[in-house]
Structures are given as structure tokens and as C-alpha cells.
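Reading through the C-alpha cells given below for one structure.
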Amino acid sequence: MQGTALKHGIKWRRDSLKERVARIGLPPGTLPVEQSTGATHLQALFYTANTLRTVEPDATGAFKQQLKRRRGEKLWLRVADADAHVLKKLGDFFELHPLTLEDLHSRDQRPKTDYYENYVVTIVQATRMEAGTIRHYQVALIVGSDFVISVQYNYAELFQPIQERIQVPRGRLRKERSDYLYYALLDLVVDHYFSALSYVEERLEELETRAVGRYQQSIIQKVHVLRGDIFHLRRLVIPLREVIRRLEVELPDFFVSKNVIYLRDIYDHIVQVIDRVEVHRELLAGIYDLQLSMANYELNNVMRVLTIISTIFIPLSFIAGVYGMNFDHMPEIHSYYGYPIVLGVMLAIGAGMLAFFRMRKWL
Amino acid sequence: MQGTALKHGIKWRRDSLKERVARIGLPPGTLPVEQSTGATHLQALFYTANTLRTVEPDATGAFKQQLKRRRGEKLWLRVADADAHVLKKLGDFFELHPLTLEDLHSRDQRPKTDYYENYVVTIVQATRMEAGTIRHYQVALIVGSDFVISVQYNYAELFQPIQERIQVPRGRLRKERSDYLYYALLDLVVDHYFSALSYVEERLEELETRAVGRYQQSIIQKVHVLRGDIFHLRRLVIPLREVIRRLEVELPDFFVSKNVIYLRDIYDHIVQVIDRVEVHRELLAGIYDLQLSMANYELNNVMRVLTIISTIFIPLSFIAGVYGMNFDHMPEIHSYYGYPIVLGVMLAIGAGMLAFFRMRKWL
Amino acid sequence: MQGTALKHGIKWRRDSLKERVARIGLPPGTLPVEQSTGATHLQALFYTANTLRTVEPDATGAFKQQLKRRRGEKLWLRVADADAHVLKKLGDFFELHPLTLEDLHSRDQRPKTDYYENYVVTIVQATRMEAGTIRHYQVALIVGSDFVISVQYNYAELFQPIQERIQVPRGRLRKERSDYLYYALLDLVVDHYFSALSYVEERLEELETRAVGRYQQSIIQKVHVLRGDIFHLRRLVIPLREVIRRLEVELPDFFVSKNVIYLRDIYDHIVQVIDRVEVHRELLAGIYDLQLSMANYELNNVMRVLTIISTIFIPLSFIAGVYGMNFDHMPEIHSYYGYPIVLGVMLAIGAGMLAFFRMRKWL
Amino acid sequence: MQGTALKHGIKWRRDSLKERVARIGLPPGTLPVEQSTGATHLQALFYTANTLRTVEPDATGAFKQQLKRRRGEKLWLRVADADAHVLKKLGDFFELHPLTLEDLHSRDQRPKTDYYENYVVTIVQATRMEAGTIRHYQVALIVGSDFVISVQYNYAELFQPIQERIQVPRGRLRKERSDYLYYALLDLVVDHYFSALSYVEERLEELETRAVGRYQQSIIQKVHVLRGDIFHLRRLVIPLREVIRRLEVELPDFFVSKNVIYLRDIYDHIVQVIDRVEVHRELLAGIYDLQLSMANYELNNVMRVLTIISTIFIPLSFIAGVYGMNFDHMPEIHSYYGYPIVLGVMLAIGAGMLAFFRMRKWL
Amino acid sequence: MQGTALKHGIKWRRDSLKERVARIGLPPGTLPVEQSTGATHLQALFYTANTLRTVEPDATGAFKQQLKRRRGEKLWLRVADADAHVLKKLGDFFELHPLTLEDLHSRDQRPKTDYYENYVVTIVQATRMEAGTIRHYQVALIVGSDFVISVQYNYAELFQPIQERIQVPRGRLRKERSDYLYYALLDLVVDHYFSALSYVEERLEELETRAVGRYQQSIIQKVHVLRGDIFHLRRLVIPLREVIRRLEVELPDFFVSKNVIYLRDIYDHIVQVIDRVEVHRELLAGIYDLQLSMANYELNNVMRVLTIISTIFIPLSFIAGVYGMNFDHMPEIHSYYGYPIVLGVMLAIGAGMLAFFRMRKWL
């Protein structure tokens, strides 16, 4: 059972690697010629400060007409589990670069932001706790001057809170330009890292409590698994810091400069996540070292007991063996006081050994 | 008992994490809708070089009128254990950004400085020794052109010395602008890190003395706990260095440039704290390595004793065993000199073994 | 069998070192005066958007005439397994610097890009899985305003997919300038790193599965070999990141600026490779630590069993030995209940020992 | 006895920490209100290229008159073991900033240079070997356009060589401006680090020689102590590199630009010291690893001997034990050849065991 | 014998340290007042593209007249094993700074380049394999607009290849300005590092082959020595990279800018050397870890054998001991089937133990 998170992680990455290996030699920006999965779900929210209309275009049909914005409307297009066919149609409609489409279609991109003439695309990995392990799901956010497209796989409910907040007429999300919606979505993804941290800290506290007690191989194995989780999380978050920092420096034209403060807020949160992840690594290393030293300690104790017992009794047994020999001529044996004297000598040797051990502080 | 500092740390962070997780999906800058705690304490010091008046507004009432400054007065507002209600009212009065209020309300922010149009807010973590562990308490310092607001939780007495120094008419604190008060408060927080360092060094000296003697699991456990303390301290101080350095570079307009020298002084102190913390880490690692090697050494010694005793007596016992066999026809047994000869052989074997050990430098 | 990858790597590097050592003292840019190998293979593809003609000049002859471009044609010259003679003739024709020729002739250059007045030369190492190990083959790409020369050894089939794509009339490769062909070739080299990664992850998953089970020296040895592979891969890829980044910053005049996006795509891929390689290192270190702690655990278990058995039976054997002595006067021996009493005492001692072990949690 | 250097270091730092803790809450730049120690010694050297007059002002009196320079004279003021009273008077006379005075009075500042309007103050730590340990003494050098003040504690003889060189009429020190004297003093401090290095290398060579031989706990302890010394030295020198580099970049107005070459010379020396210190760390780590592996090796050897002996004789003893049993009906016992056959079997088992060990390469 | 490289290194450094310590307090740029060694050897090569004349001035005499260049001649002055007297005379003639002379005279300078008004001086450490260890010899190259001075100790034959190449009339060395000669000399020094690398890789391959087999203390010791060699090499080369990089950026006026490409070539070689050195470190660490884990493995095996044998026979011996007791009333002893029953029980116990071990996978 243990190691499942890690194995899951490795397996999952290998799948995405195999897909990549299969495409070696194709021109960049090539989408795979796959069957339409039929699973794609589109939801378009057209909103102004006062109006909101929700359209659910049929992904298998010619939905372009349905994506037309009316005057003054902003659009949030939610795309779930899109296949290559739908992505191509979206790419045509929004004039997305083929390389963007390729990124949208893959599921294990490193967090990054790419800048195009009239849009910006940010790839992040959202985390969710599932069956006791941290899994991640790629989220792509494409933001233009009056639209945001969010592209997700397998984790559609992630943006539910924003869905709800945008219902509020004349709310901030409705009044601000599309960059504010983008920040809200990004902020939500980052907030979910705190759930993962919370899970990790719960495990850490549990391990810390048990680790002080005694050496157990199961603790070491749990340390190993948790180390994988922490490393996984770290890998998702650390590149994100640079992504946000660079976005702040190279703010696209269609972003409102006074809203940069929300970007900085997200940046602060990411730095906090990274900070805690580093704390976790250090604590975990501490627990590991403690356990190793405890293993040492227990081995020393075991060996000490063995040595004390052996060292006392082996010489005594030898003496007993000597007087168990069957030689005809062993004068001590016939002496009347032979037996008590030998017993006395044995006692003296035993006591001497004990004194020696006490002197060496082994007892 | 040991490990309490660490466990305290983890538990405390988990509480703050849980609070954060509970707020996932809320817009940034949202304060929790909590009960008024009634514990908030406000103290306003209005001062000029020559005058000083102290007002203690009732935090539960409408205290805005009481915060009005008279002509030429500067204000130091001390806020202790504020709840969300009071923070909102303060935010209205001083025109603080909602994100600032959110930071003021939380208690485990990473040290940082945020720049707003007419104020700067610095978050630091003040340390205090409590029950043998280093605890930290968040302090927020909001500084504008003629006011400083200090926001604290659970550790109101921290700024007592500044409270006393500001009583002195025509003292430096009274004559300078608000940036000087800000430096004084920050300096005090940094000074308290030296108490924590002093505690750590006391522990280190004690461990060093014991560690040279012999291997003890209790030393390793104390190393583990102290390592947690040092790491904790490091985490509070290292981001502060960057905070101060950046403040020096991007000095706000309402800071007096000739006072920058005091900022540099604080910077020097922080660098010294970090420097010592790094020394502590290295020393602790040294103690740990020494203990591990000592464990090795003791194990080697124990094994050597066991091996010497076993190696001498096991063959001798075997010989005794041979002559303890009950075969009818064992000619040696009936020989008159059998017994002394066997004893002599045994002595020779024992002596040979001892010589062998001496040759191998085991004795 | 194990360690072959590493040994291969070391041996191979030593050969290239020996060649270098043999040339100490020669002026830079000196090609060795070697026999013509006769193995050189040249293939020139002259193409415009609409036309394509393929020429295979005889490398041993005077092929310069065959390399003349017609008006508007671009050239991709594929050079395989070139000897010094051919390189010199190519250098004359394309006016390559002697230092470039020296680099082309060597086979173990670190990835780099050198800038000359009218061409740019990029050295990369392409990987291929062979007999279960990652081997690398140097590829040099010389790109001018209307030509690309690719120089390879032993791995001519690498660029087959591009060879096929360039056949398509009016395809992108045919319409774009030579920089696009250069990107396509570089991209292919980088894509092949994903095959190597895939191989590494397969091994890692296998090791992870086995490592959780128990300590085995064969796992440690496989970790050692895989560590060599990962390190090898890392060494090929990490300098490449800098090479690409610098090319983006100092884009030569004859590169089309709007194509830079493809360079960035390659850069993203390289960063992903590096990212995964770092993950592999960490996972491998985790497996190693886990195995070491498992070795510890098993040793502890073995010692505990030994100690328990010895500690119980050694004292009992001693008692049996005492009553096996042949003294004439041993009153207990003649007592009727002597034997059962001694057996009872032995049982009590044994039970006591077991209780002691259970108390110490050894059982 | 061992560990004294470290303990000394810790104790000494704790004293300086306690002093600092005692001053928490005081305004920056506050000197302690201490008793005049009476130990302060002042020596003023007024010099031109041709003239030199030495004055020893009475530190307890009003010495300001004695510090007046005549026309064209430069001043080197040597201050030894100054108390707060004297520092305050000096501060008045030379218009030193209170923060400078605070730095002069403390004794464990990190190396740094502070820039003021008409002077520069550099704090360094000079080392001296004392009783087999490296101790450090703070030296402050204040340099203005025509004066240098050196402030020391407990180590007045440090600058004796400069004292002697300045006696030479028309020597370089006499002709150059005060920056040259400053360089000379700084250079001397840096030169003394080479003595400390020399001490460390002597110890290292000794340890290296012994460490190759065999594992000894005393070596490990000496490694521990030497590691403390090296770390101590490192901490003194590494910040100094940055101090000098920055001084070179931001050369004050009253420094002669052509003399910068002497600053670079000092910089080179510091880099050399750091370089060697890093070498020492690496060598020490090598010795430590070697010793640990040697401990392993010896333990393996001890265990191998124990195992060989036990494994041979324990089964033999068992056989002897079987035939020492007193059963009435043991047919072998009465057989005439029983005894020699059993002896033969024992011999065969012993020989078989030895063969087994040889096969396993344990012998 | 082992460790000689290291000891040699330490001893050699200590000598150079002692010399430095002896000079503490002297003004910078002071040469020691030593006896003329008489060993100095001078060789001046005056050359133009068409002419070459070689002069060997007598170092003990007044050789200045012999160093006069004729119109248009460039000079390469080779100085071997120079004493302070000769250096002073050279310094006068070429107007070298005293600090340069000091650097020329020392023999363990860190690689560096110093810039003076009309010359540049580069210090490097050339390596040579001697008696199985890597030794280094300082080389100083002083280059002005029309002269190069090379100053060496103990390793005069290093520049023989350049000596030969400069004989060729109208060769590149003869036609180019002095910077090209400087590059050629520097390139030769760097090329020799590849010999050292080759030596290290040979050792590594040997160790790798042996290390896979089994744990041997001699391997660990060889790893230790090789680690010293690698570290030594690293220390010589790493500062050189920075030296070359800076020279490229701050190219002196009298260097020909088109020749910078040769400097870049040298830079590439240095980066390759560093790259390989890092590979060696990693490989060596891998071998070390492998050996440690192998030691563990062997210890585990030894202990397992001991435990199996002891655990089987100790209880059996106890049983034999019980029936060897001499009690009068032991009913089993007189039973006819006692002996075979006990033997059977013993067999059963032994078989049970074996089954237990097999279950635990110890067999």
C-alpha cells in the first residue's frame, strides 16, 4: 500500500512521457489525430457588470456562432476534458498559436506563462487530495483583453467558488476587466496548495510523535513516501514563483496596473507555500536522522546485552566443562571442598565481570 | 517532554493552515465574519516634540473621533489582540487596503514589507522565550507620513521600552518624524532575536560539553529539538534581511533619507543574527556527527570485548567437551598426565589467542 | 554486466581524452593528419518552396562544384562520419573558421553555440538507447543565411523524420528560411532526450517496487548504475539550456525574429527534461536511503534473534554444565528432587528472560 | 582538554551576547554607562614625509588639545582597550557618528565597512594563536582624509611592525596619504590569517598521517575540534572579501585612486585565505570519511573473526555434548572406534567450515 | 605509500605558507633578501615574421643591454628558476610594478590576471604527472604590446612545443602580435590539464571495476587519495575560468580583437576540464557510496551466518548439557529409547530453526 503516491506519480509521468516519445519527429504544434472523445464540456459565461448569460455550446457541433460576444460583454469560457478536435476549433476562433494548442492538450506541463500578441497563457498544476495522496491536474488559463478561457481535465469542480462569486451582480468580478477574473482563478489554484500542505503537516506531526519513541521500519517507509509527496509539491510550486514574478515585471497591456496588487498577493501566497515546503523537508530530514540514530542506539543496546551475558557465562561454562572431563586423575575432583571452591570462584568471576561492565558504564 | 517546541510549532502552524484552508474560494482581502472578541486594546499616543497625550479609545465603540490628530501631532497607535471588527474600522479610518487588513488579521505571515500609496506595512515575527522554547508573535508596523500603527497579538509588553523612551520630552523619538519611531520598533524586535540566540548558545554549550564524553540517545534527541529551534529562528530572520535591504533601496517618500543609517544598523544586526544562526547549525551538525562516531566507537568496543572473550573460551570449552565424552575407549583419559597436559594445552591456546589480539591491536 | 553503461562512458571519454592529449602543443584549429577513412557520406538537399533536388556528392572527389546553389535555393547539407580531409574541403567552400573545423571533428564537445560573422555553429549531443544504456552522439549544426550543415557520426538515421517532412512541397520547412530547419533539427535532438527519460523512469519504477520490499545488494548496484545514467544525461542537457537561452538573447541577423517562439518551445522542452532529471536524482536518492535504512533494520533484526537465543540458553547451559561436573561431593546431585528442581529453575530463568525481552519490546 | 577552542568560542560569544541582551530597548548608538576602566592607552603619531612626533595623551584627562594637528601633518591615533568615556571624547573630537562609537565599543562585530561623510570605518577581526587555539580580536580602522584611528582590545602589539616602518623618514608610509597607512594596517591583519592557516595545516598533516593508519576515536575528536577552528576562521574571513570588494567599487573621495592596487593585493590575499580554508574543509571531510570507513572496516574484521571461531566450534561442541550425555543406552559409546570416528567427523566439519570461509573470501 | 599525493600537497603548501608567515609586516611588494641562487636561466627570442635571433643573457651579469629590441622586433623572454636579484633587474628593465615582482617570486599563487598600464600579468598553475601524483608548477605570463615574458620554476620543458613552432619562419606565431603568443602559451598550460584528467580517469576506471566486486579498505583509501587529486585539480582550474572570462570582457588595448576567438577557445577547454572534474567527483562519490553499502552488505552476511549457526546449535547444546548432568535420579536417562528420542527432538528443533530462517528469507 505504501509508496502508492510515488508509484502513481511515476506511472502517470511515464504515460505522459510515452505520448511524447510517440510524437518524436512531428512538427511543433502538432495535435494528435485522435478520435473525438465526446467528453468535452464547454460552458460560456458572457457577463457585464449588470448582465450575465450562460451558454453551453455543443462541443461536437459548430459552436463558433455561440461564442460571439455582444457589445461590452466579457467572456469566461470554461473548457473541460477537451479533445484535439475541440481545441482546434477553439484555436481557430480565438486565433491561438499552434504551440498554445499543443500545451493545452498535454497534461503534464511545467508551470509557465507564454506571451502572445493578444493573449497570455498560464499553465499551472492544481492539487487535490485523493485516496491519501496528492494528485495534480493541469489548468490552463488563457487571458485576453475581454476573455478568459480555462482549460481543465478531470477536475471541473475546482472553479466552482468563482462560478458562484461571478453570479453576484455588480460584484467585483463582474465589474473588473478579465485580468481580475484571471487573478481570482489563479488565486484559487494557489489556495488549494494549502490543503496539500495541511495534509503533509498532519502526517509530519504523526511521524514526529512516533519517531521520538523508538526505531521502526514503518516510520522510515512513511518518511520515504512523505518525502516523495513533499518533493512532488515542491516541483509544482517552485516554478510558479518565477512565473508570477515575471508576469508582474512584464505585465501585458490588457492588464490593469492597479490590480497588480492582487498578483503580488498571489506571489506572497506562493512564497509562503514554498517556505513551508522547505520547512517540511527539513523536519522530515530531522525525523529521518533521529530514526537512524535510534536504530543505532537500539543495536548498541542489543549488542550490549548479548555481550554482557556471553562474557559472564562463557568463561563460567568453560570452568564447568573442565570439571566435567572424565580424566582418571583429577585431584580437585576428589577434594571435599572442590565443589564449593569452584562455585565460589565462578561467583567471583561473575561479580568481577559485572564490576568491569559497571566501570565501563555498560550497566 | 522533549520535542514540545517542535510539536508546538507544527500544531500552531496547522491551526493557521486550517484557517486558511477554510477560506479557500473567498475573494482576497476578505476578513472572517467572526464574533467580536472584546479583547482588543487600543492605545493612541499623540505627540510633538513638546507635547504628548495618551488616549485609550474603546475598541467596541465608535472610536474614530478619538483618533483625530491635532495640528502638528504625530500618532503612534498601539493595537493589541484586534478582532476583525476593529480592524475594519481602523481600515476605514486610515484608508488601509483590504489586503493589508487581511495580513494584519493573520498571525503567521512571512516577514515582508508591502508598499501602498500613503503607507508602508512591515510584518515581522517577534520572538520570546516561553517554557524553554522559542515562540514567535506576529508584529505589523504600518507607517505613514505622520503616524505609526503597531498591531500585535499576545505580546503587548514587547514595546514597553519604546513607550518609556517616548515619554521623554524633546527626546529623539519625539523630534524625529514617524520613520524614526518605526526604526525604533523594528530595532527592538530584532534585538529580541539576540535573547533567542543566547538561549540556543546556552543549550549548545551544554550539549557540546556532554557530547565529548560519550554517546547518549538523550543528546541526539536534544540535538534534534535544538535543530528545530534553530531552523525556526532562521526561518523568521532570513526573509527579514531581504525586507530591510529592499526598504533601503526603495525608501518611501515620507522617510527621511538621513535616517537611513538606522535602517542599515538594523540590517547589520539581522546579518549578525543570521551569521550566528549559521554558526549554530554548523556546531550542531558537528555535535551530531561526533555523537554518531561515538556510537560507532562504543559499538566497536563492545563487539571487541565480546569477540575476545568468545574467541578465547569457545575453543577451550570445546576441548573440555571432548574429554567430557563418555566413550569407553579414550586412551588419553586414563593417562596419568592427561589432565595436566590438557590444561597446559588450554593455557597455550588462550595465551596464543591473547597474543593474536595484541598483534591486531585489539587489546 | 552491471556497470557497463558507466564503464562504457568512462572508456569512451578516455579515448577522446587520449586523442586530445596526443595533440598537446599543436596550434589551435589543427585537424589531425589522418588517413582518409572513405566512410564519409554527403547528401545535399537544395530546396525552395516548390522545388527540391537531392545530390549525393562523392566525398573523396572534388565535390565543390556539386554544392553550388542555384538562384533562390536553400541548402541542407547532411554530412555523416566525415574525416579530416572532407572537413577541410567543406571548410574551404563554406569559409568556416579552423576552430569550427576542429570542433566538428571532435566527438565529445560540451554543448555550445559559437557565433561567427556569417554562420552560427551549435554542438549538441543526441542520445540513443543501445543495449540498455544511454549513449550519446555528437551533432553539429552550422546555420547560415541560406544553408544548414548537419555533421554527425554513427547515427545518421537521427534526422530521418526531418528528411521526410522536407519532401512535402510548400510545407513549412520548405517555405521558411534556414533558421526554421535549424530549429526542427534541434527540436528533434531534444525530443530524443524524452526517450532516455522514459528508459530511466522505467528502471526507477522497477527499483522503487523492489526497494520497498527488502534490502538487496543488487538494488544498490542498480541504483549506482542508474545514478551514472542520470548524471550522464544531466551533463548533456544542462549546458544546452544556457546555449538556447543565449541564442534567444543574441539572435543572429539571419534568424527570423517571429520564429523565436520555436526556440522558446525548445527551451521549454529542455527545462522539462532538466526538471525530470532532477526528480529522478531525488527519487534515486530516496531509494538509496530507504535501502540503507532497510539494511540497518535487517541487521537489527538478525542481531535481536541472535541475542535472544544466546541470552536465554547460555545461562541455562552453564547450569547444566555445573551439574555435569564430576566432583565427588556434590550434595544436590544425590538429592531425589535435584533434577526436577534444576529443570524448574531453568524454566524460570528462561521465562524471566522472555519477560525481560517483551518488556524491552524485543519480541 | 579537547574542545577548549570551541568552548572558548561559545563562551566568549555568549558573553558578548549577554551584553547585547542587556541593552535591549536602548536607543541605537547608546554606549553603556560603565566605570572608567583606566586601562585605555592612547598614542598619537603626527607625521609628514620629513617629520614625526609621538604624543601619548592621558586618556583620563582632557586630551583634546594634544590631538591638534599642525599644518600638513597627518595623524595615526592608536587607541588600545578604550572604555566608553574615552570613546565619547574621541567621538566629539573627530565628529564620529554615535553608531560608529557603538561599533567601536563592541568586540564581536562582523567584518564590515561603514561610510560616513568624512570618514570610513572598517571593522575586522585579527587572529592570534593562543594556547593552541585561534582567538580573534576586533580591530576598528577609522580613516579620514588626513587621519587614521586604530581601535583595538587586548592585542596592542599587532601593529608593531607598522609602528616601526613609519619611523623611517621619507618612507612610503610617511609620504603617502592616510589611505596608504590604512592599507598597511589592513594588510597586516590579513597577513596574520596565514599564521592561523599554517597552524591548521600542521594539524591537518598530523591527522592525515594518523588517519591512514587505523580508526581512533581521538582522531575523530580532533577532527571535530579542528572543524570548529576552520569554521571560526572562515566566518572571520568570508565577509571581509565582500567588504574589500565593495570598498574598491565605492572608493571614498579621500582615497588616492592609484593606490587601489594595494587594496586589490589585500583582496587577493583574502581570496587565497578563503581558498585554503575551503581546501581545509574538504581535506578534513576526507579524513572524517576515511576514519568512518575504517571504523566500519575494523568492525567487519572483528565480526568476521568472531563468526569464524563461533561457526567452527559451536557445532563441534554440540557433538561433544551429545556424547557427554549419560544415557544408559548409547551404542556408539561402547564401540571401540567410536572415539576416533567422532574425532574424525569433528575434523571433517572443521575443515569443511574453513573451506566454506575461504570460498566466501573471509579468510 | 598511499596518501603521498595529499601529503606532498599539504607539505608543499605549508612551505609556501611558512615563507609567507615569515614576511608578515613587510611592505607589500617586498622581495626577500635572499642569496642569489645562480640557477636562473634566461632565454630571449627576438622575432619578426622573417627573422629570429636567440640570445641567452647571463642572469648573474648586467644583461639589460642584451634585452634591447631592434626596430620591429617582438620579444619572448623565457625566465626559468629566477631568484629575487634577477627579478628586480627584470622589473627595472620592463618597468614592472613591485606587486608583480612579488607575485612572480611566489610559487603558489591562485590563478589570476592583474592589469597594469602597459602590461598584463597572468598567473596559472601548470600540472605535470610525477611519480603517480599530479604536481603543479606556477607559470607567470607577462604580456605587453610587443613582448611576452614567461616565468617558470622547475618545469622549463613545458613550453618546448611553442619554442619549436616559433622557429617556423612566417608561421602564425611569427606574424601575429604578442597576444597570440600569449594565447599559445596559455593554451598549452590548459592542454596539459587533459593529461591530468586522463590519469584520473584511468584510476577511476580501475576503481570502478574493483568496487563492483566487493568491499575492500584499500579501495576506500584509493578513493580518498583520488579525491584529493581531483580536489587539487579543481582548485587550479576553477579560478582560471573566471580569469579568462574577465580577460575577454576587459580586453587590454594591445590585444588584437579578432584574436579573441582563441581566448574563447581556451575558455571552452577550461569549461570542459571543469565539467569533467565535476563528473569525476560524482563518479568517485558513487564508488564510495557503493563501497560503503557493500561493507554493510558483507557485515549483514557475516552476522547472518553467525546467527544461523548459533541459533541452531546453542539450544541443541543445552539439551545435550541437560542429559550430561550427573543427577542420580534422571528417569529419561535410563529409558531404553531416551537417547534416540532426544536425538530426534534435536533434529526436529534444528529443522524447525532452518524452516524459520527460510521463512525469514535468511537462507
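A, B, C, D and E are the chain letters, set down in written order, and residue numbers restart from 1 in every chain.
Basically, a contact is a pair of C-beta atoms (placed from the backbone, for glycine too) under 8 Å apart; a residue touches a chain by one contact, two chains touch by 3 or more.
Small disclaimer: the values here were computed from a predicted structure and weren't measured.
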Query raised in the report: Going by the stated contact rule, which chains contact chain B and chain E alike?
Result: D
Report summary line: Contact steps required, at the very least, to link chain A with chain E come to 2
Report task. Note the rotational component of the Cα superposition from chain A to chain D, reported as an angle of 0 to 180 degrees in steps of 5. Result -> 145
Query - Inter-chain centre distance, chain A versus chain B - centres from mean C-alpha coordinates, in Å - result: 26
Report task. Could you please state the distance in Å, as a whole number, between where the Cα atoms of chain B are centred and where those of chain C are centred? Result -> 42
Query raised in the report: In chain E, which residues are in touch with two or more of the other chains?
Result: 299, 303, 306, 310, 314, 317, 321, 324-326, 330
Report task. Could you tell me which shape the graph of touching chains takes: line, ring, star, complete or other? Result -> ring
Query - Ordered ring members, chain B first, chain D second - result: B, D, E, C, A
**Report entry** Touch list for chain E against partner chain D, complex
**Finding:** 2-3, 6-7, 10-11, 13-14, 17-18, 20-21, 23-28, 97, 99, 109-110, 112, 114, 214-215, 217, 220-221, 224, 227-228, 231, 235, 239, 288, 291-292, 295, 298-299, 301-303, 305-306, 309-310, 313-314, 316-317, 320-321, 323-326, 330, 332-334, 336, 338-339, 342-343, 346
Requested in this report: Spell out the part of chain B that touches chain D in their complex, as residue ranges.
Outcome: 160-162, 165, 172-173, 183-184, 187-188, 191-192, 194-195, 197-198, 201-202, 204-205, 208-209, 212, 261-262, 264-265, 268, 271-272, 275-276, 279, 282-283, 286, 289-290, 293-294, 296-297, 299-300, 303-304, 306-307, 310-311, 314-315, 317-318, 321-322, 324-330, 360-362
